[in-house]
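Each chain gets a letter, A, B, C, D, E and F, in the order it is written, and its residues are counted from 1.
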């Protein structure tokens, strides 16, 4: 197995990335046909964290964060790191010093299917992290991995340059090639939901608004 | 299996429901002989959430939230929805639009042994939810379930019209028929604890206040 | 098996205990050679909780909190309780009345590999607890355990009088005999990190600061 | 809370119980409308274990098996014990001595949402157990529970006298009042499946046998 | 989202597939650079199960096995089904009737990141299944999925036509394009291990055979 | 942290070790006052596995099995390896080649709070392993650990030279210094159980044999 660092990756239009973030995870996930959601155990380290960024990916051995140091150099403004361990691990790969380094390079946050530490500092710095666990256990720097290769993180395939959208509902990945069209569909949903929200808020029932009654009866639902 | 919506259910006295909520989950659970507690994995989506309400129950297939739309029509002021999937599922059955609709009908909150999404919006709306997980994954509307039938939710039997008490400690169900007597016992506990709290706060030991020393010695505890 | 309460234990210098707390869990854990960390499922009941204290240990049967009442008498200012059940249990061994009693004796907090309840009250009282779960289920007082004996709590050995350091990153135990030297090493780390933070914040890469490039190349990392 | 032993319970017809066992868990579960299945973590201690019996239920405190001794006296030929702890526990409530006693009384097996031990002996004795875990940790005899009251075991309501069917697929409970009709439906399924099995074995496709092609097309499935 | 059935897929050389199976999961996984392993919770329903086959993939909704019926038609001799649910689910998607149908078409087995039932029958039929759980809970046929599209199953990307190797150690996927070269490397490993096994069996130490002593000393290992 | 290999350890009398194994895990655990049991997730890779041996301990980094190779040299006839990772890991640290080497040195088996692979081969060789998981994922040889230092394995403290007893019920550790007295108590239990077994087999009730009726009545149990 060759370990590589891919130095040149394509990134999506920053305006598209920003737009996806404004729509939020649940809407973006729906807009792209319910694909790309990371496992629900990926949780933000503080409430209200929000992220939309271009992925710089890391494939790392268990308990070894060497490749994060390598990845920092590949980060530019508007990127987020996405780390997938090659086997399950909950060690704290990441803390406040690495966040300081990443913020200096314009990094927007971290998605890590493993552990993170210094969460109080990270919260105060406003550096958002979605992780599988919080754990003070440190890591070593002995074994290589790769940077900017496709990884499977928490059950979802993430390519370098894909767009990561994350908030309190979890984390979703959007293919770079599909970002523009997903954004358009997501904005249509946002617009459509506005009208629905008004009608539901006025007391109209979803049963009527969505015209569900006939289909429910046809399926055999009995009111008793 | 017939799928039904039971339209008329008995509800407890609103003053009793309110009173139980003031006592809190831990006290109510004790007062009724330590029964009715839902599994500890049922957690509020925000700290400080509190609920006491009359249950409108939903039995729903995995990954299908159609019956929530049906249940909305059965909700009246002071009710809470209680959803149990027919097999384990963590999909996000519920979000901000359904909450908007429920709030318009006076619904107090949701207990769901599955997933919920739009948690940032729900938090801002002040619509409390206790769920098994937070997950942006949506659901379909293809398969029937039932509304206002007895369900087992997170290990506890909930009948329609039972009282749900929920707070940061979890969720407890009180039988409608027992609500008045449970409230009385709960209030007795609250009153008794006030005096105990004062004495403990003054430095008296529980060993003395509860007269435990003789029984500990009789069981064989050795001080060395 | 004899159940005992050890009444006289050695405690570390309060200034050392305080100093370890200022360094935080992640730093202390590193400073003592990455040992003594409790399992990552031990989480604080509220964000920002911090603790550094001398351990009073409890070995308790599942679902039985009698020994906590016994342990209260052994607590003095600057202590924290550390409870390990003799088999896995998530019952709520501990609540607001016990916390009231402990605060009256100067207790700093609780580490419990089981459940806790009244978390809203405990949060308002500012009594920090790190627990495996939050659960309203109460316990009985029927079976003896021991106080101030060595226990294994969440995978770590804790002796009475050992120092417990806990924060948002988790819980770490420091041997009493090693506390002074661990503190010295921890403070060295804090000092060293200050300079590293400044350099990273100025945009210097860890790859350069830690002189990693040659070793990465020697291991075979390819830049493409 | 009063602790009781209900001494006289109704039992179903032994021929019906036997018949349900012959149909197996998956078929019985389908035949009664997909209800009554215990959680999938309930596993047999040996492959090939099979059980159909009348339930004698036990509600027991965590880590306390006293009520099993009480329940033994209530067992008669053709019964199985069903134990639900009042809070989650994995201790080994049950071993070879209790099994010896139960076999002497004609007991068919045990369903326990907790731990069991002496599994090698139990396997050699042919005493089937479905449990949540295998664990050598013993229990005490200090706290009362109840025998032959309704319990919720692994997420399913079990009344004394209900029929328990268990095999390699898990555990299902059938209401005593419904046992006869469930058996009839189960036998219809077995008969219907025989013909389906023959046709499928001959190479006929389910798509054709179940006439699914039109509905798939109507839903929009594309063959490419 | 469009639901499709891809009818024509490329398959690897049957001799290569067979050869990979003879090497076993652990060896194949090593030979291809430690990639392609499915999560360790994928376990065979019986000990000694072995599989090497060409993947026919299924993306299926939670609790809905309609697409398995669709996939059967796409199976030919030497194939195995690989099912990934679109959200986590443990329902029993698969049982003895579907296995009968698949065996009639020459199918070698099933990999399913969900539940399976009728395991006693499947064991007797010798139809191997690796699943996340065993569960009698049935599924519906209401919602479409897709057949022969890339899926992520238990954390690994599986393309239609990739080779699946499975045994008691778990499940590994090999890219079709790499199958020949992986087989060659795997056979080299098997050959090399034969000689190592002989030497170790004769009492030679790995420390000497792998010449580890100098490197251990250089890293600082102390013998005391 | 210094990494060491302790070359000379004390071992218990082989006859005592053998005797403990004959009593089995559940009995030994009871005989020593219910201490020393490893967590219930430690399971044998095949049914019927049995072990009683002297512990050679390994503290190993996550995903790194180098120290097993080091430990092999320290093994003598009648020893078992006990491996505890320094943070949770499920990688397959151990397989058939290492087992071949260990068998050549008279090693009795392995206890590993991590993963194992080649389980089919290990089963055929009759080399018993109790592990947390089965996983084909291999490990590296980059980072030092220690051999024959005290470790906490699956929640239990194990010193080098302690006695490990393991069977289908799990794994228990006995302090070397206490082995003789534990064996005596275990044998007393075995003898006492023989008579109890006979009486229970003859139909005598535990309620009578253990004289429980008065105490049950005194605690308030009601027969109805």
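The definition used in the following text is that a residue touches a chain if its C-beta (ideal position, glycine included) is under 8 Å from a C-beta of that chain, and two chains touch if they have at least 3 such contacts.
Bear in mind that the values here come from a model prediction, so they are computed numbers and not experimental data.
*Asks:* Taking contact as defined at the start, I'd like the list of chains shared as neighbours by chain A and chain B.
*Replies:* Touching chain A and chain B alike, sorted by label: C, E.
*Asks:* With touch defined as above, tell me whether chain A and chain C contact each other through largely the same residue numbers, more than half shared, or through different ones.
*Replies:* different
*Asks:* So, what's the distance in Å between the C-alpha centres of chain F and chain D?
*Replies:* Taking the mean C-alpha position of each chain, the two centres sit 31 Å apart.
*Asks:* Give, as an integer number of Å, the spacing between the C-alpha centres of chain E and chain C.
*Replies:* Spacing between the chain centres: roughly 42 Å.
*Asks:* Report the inter-chain centroid distance for chain C and chain F in whole angstrom, where each centroid is the mean of the CA atoms.
*Replies:* Once rounded, the distance between the two centres reads 28 Å.
*Asks:* Would you pick out the residues of chain E that each touch at least 2 other chains?
*Replies:* Residues 34, 86, 88, 90, 135, 137 of chain E each touch two or more of the other chains.
*Asks:* If you go through all the chains, which pairs of them touch?
*Replies:* Chain pairs that touch: A-B, A-C, A-E, A-F, B-C, B-D, B-E, C-D, C-F, D-E, D-F, E-F.
*Asks:* Which of the residues in chain B end up touching chain C in this complex?
*Replies:* 24-26, 29-30, 34, 37, 40, 43, 47-48, 167-170, 172, 193, 196-197, 200-203, 205-207, 210, 212, 216, 219-224
*Asks:* Touching residues of chain F toward chain A in the complex: what are they?
*Replies:* 61-64, 86-91, 135, 137, 140, 142-143
*Asks:* Could you please specify the touching residues of chain F with respect to chain C in the complex?
*Replies:* 1, 33-35, 39, 86, 88, 152, 155-157
*Asks:* Once bound in the complex, which stretches of chain B touch chain A?
*Replies:* Against chain A, chain B makes touches at 2-7, 46, 66, 69-70, 72-73, 90, 92, 95-98, 100-101, 103-105, 115, 117-120, 123, 133-138, 141, 143-144.
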